[in-house]
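For reference, chains read A, B, C and D in written order, and residue numbers begin at 1 within each chain.
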């Protein structure tokens, strides 16, 4: 991801010859395919692809290459998206009290595992302020209890719009987003839910898991839609538990699942390795 | 489990001194504790234990040892159960069409991983007849469609009663048991559900999992109660899946989870390694 | 895999334009790409691909399509291989005493998970004879102790040659193959080793694992080379173990890893999802 | 672990009646057993136990309870150890360049998952200084290259002795400890090795794993002995990898295994859940 290049994501109705046409376009302009991940969905009749293209030898300007693809893209009735590399995605992180997911994101961003630029950390509580400050990142405390909820979300909306935020990460953010917010940022909000969805939707999933006596707990990283905890799943992790684990133990053990799942989910998203297809997410992992 | 000995399962209100009292009873009669698994449930205020006792040096007859425990057991307000080793549990296996769980049970029983004596294989379809016959086991085809359902279950009840069956295994048996049947055999019916419960209760869980786009599928081995797919969980297994897996692929990949989960679940049960505690199962694994 | 079609495996020096050229060849003859898995090895400078092609609409005969690819293949300096679908690979299974891997192969072949035709089961002991016979498959007992070793392997060689065997599976076959045998069948012999290679090479790996006190045991399915247990790895499975597990418990628990690893390994091989690259195996899983 | 209480670890030759005798001692002084984990090693003829005892109701002073146990302990020919709760173990962390394991330890200690008091962070490079300082912990840079090695380790020895350090954690410390150092702190040094031991002992295990083409990588947390990477294993973690992962990817993916394994290993040790038995470690997990 660090070399100059392009990522192309594409989905279209399946039909013979797509790979040839797309690869021809790339090769015709002397692009070098580093990776061509592809999925022909025989059941849904759709084609999905992600291409990673080195552009050093390109015979046209990268922007012309992108623009020129339009003719082919339209003829395939495709949805497509180009990303120019190197890239850092502007990201806002929303938090409430617990900080392990935020910590993980900061740590991995620092290691360059996550090519993101965190423009702001927003909390409806102040608990994560010190972590944000230690990382020299702006922290915005925006109360959302009771009547403060509606203006709170308006404030978030104003902030992320002003900062050209492309990705909103709910890192254990304990508020349900308004429907219009979900709609307006569709495909750009990632949540971590602390259960193996669709089991234990909603509040206190570890308590629910304890009560049900499951032998594995989990965490689910998914895109947010207006339908609570029902958006397309990007990644899931599980951990074995036993009868002697209390709900507090599940919280402790589950933190690790949450950290891994949210970090992988964000990485897949910012590397353009995900394509949303209705209720499901295509993921080309790395 | 092959040497002469005893297994004692016990649960009672938690209180200081239980371990000492129970261990004293054993040592007082020159029993030798091979294993003393114990769980003090701080949240529920209950104590659970499983003891494995060598009885070669016992100073009384094993039956007297068992009877004599009653005084202590009652003083602890305990539920308890002794099993004399070696032991083979009389087991009926109920099937419908698919045979992989039945196969697994037969294979593991043959390897002595499962100390069971299969008294009968009962199918509401004839698909598993040939497997039963190849294993020299009686196969009973009992139709259960429509009006045949009620007399069908009466027939099963008569059969397992006559054969002194102690364990009924639903090895992908595609009928919902009548409530009174569940009640009368409470704690003695084990089912394999082909999902990670409580996700995807009911029919076609792999199709449900595909539609939801989960990244892990699973199987759950649990005790059967009148509440569908809600009985105490004994064991769960999961397997990672990807967007390119069709529902048919999930069926294929899930078979392995099902086989492992049901085999472990049966093993824990027949080795007396499970104690049902309301909606949960205590499992002391081996 | 059941529809008429072709699988193309290909490896060549990496260079721009390969995907386009290969996809053009397919599309130019009206082949329909179902799957195009590809790997550009940036470190090794090589390109690997596996294509699955529907051929109903092909404008030439499948054989002409295959032959015609030669011009392109040679110009890419490629190694390549076509397989016509549907296909069943002729397979010999070599065993000694334990039968769980053989059982698994028979079971999965019966379910059509493994498109193989078992031409013979060969044992240097007679233990697996009854299983073979129950499956209506020819069993050849070929002793190999002491002086019988060399003529034994000559007999195997004669048998598999006569039967046009394409794949030899060592399903817990406890003899080390002669070097020339390994060489002559390079890339066509698959072994299951009952450890997480490269840990515990050679005899009694479970005993070794017990002595070392590992917390996970495993199994490794790999191609056989003259270098013992060092051939390219296709698949590995692990299972968590504890201090209370004896070597006999490790044998019991490990069986499941072995079964899963060998079944996946064979499946990947017969579906042409593996490409050997020196000491490593490229695997495009399904 | 936060209530006043005691942990007793004990190992002795196996013999009938141990559980009764030990439990009697506890109950006789009105101690309340919260947990009694036990292992009768039938192969090695040894008995191991860990008891967690609430002491609010004790009829003697805790110190008298501990001292008084001596008579029983000696009669059992036992090694035993009492720990008074609550407790924080004085710990020194040794590092070189990479900081993810140090980070993890600091994070979990902050969450009270690890009841340790970090007395010093010692680096043979300065890379981790800023992390230490941000956590308000003393950082000691002690060079160890070439001739500096011997005096360097003398300096460490002086420091940990002066600070009454009970646990030395090698958190990706890239120096081999001198034999006498290993001996003098036997059972009190924990290392994380970035491979699934005993595979890939020594330097560059991820590079070794890449070259070998394994399908799973791992990390091993173990006690340090003079025999490199051969000490008793406490915990192991693995992660699935694919042919497209470079050695750099393995480093990235492996970090998570390392973090989890070292955190669990330290937790088990400081909670007295480990007993070293020759080359193996008994671990009673929580």
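Here is the rule we go by: contacts are C-beta pairs under 8 Å (C-beta built on N, C-alpha and C of every residue); 3 or more make two chains touch, one makes a residue touch a chain.
Computed from a predicted model, the values in this text were never measured in an experiment.
Listed here as common contacts of subunit B and subunit D: A, C. Taking the mean Cα position of each chain as its centre, B sits at the greatest distance from subunit A.
If you compare A-D with A-B, the chain pair joined by more contacting C-beta pairs is A-B.
Centre-to-centre separation between subunit A and subunit B, using Cα means, comes to 41 Å.
Distance between chain centres (mean CA atoms), subunit A to subunit D: 36 Å. Annotation for subunit A: residues 42, 244 touch two or more other chains. Of all residues in subunit B, those touching subunit D in their complex are 16-21, 23-24, 26-28, 30-38, 40, 42, 57, 240.
Of all residues in subunit C, only 100, 103, 107, 111, 113, 134, 244, 249, 252, 256, 260, 286 touch subunit B in the complex they form.
By the touch criterion stated above, subunit A contacts subunit B in their complex at residues 39, 41-43, 196-200, 211-216, 218, 232-236, 238, 242-244, 246, 277, 279-283.
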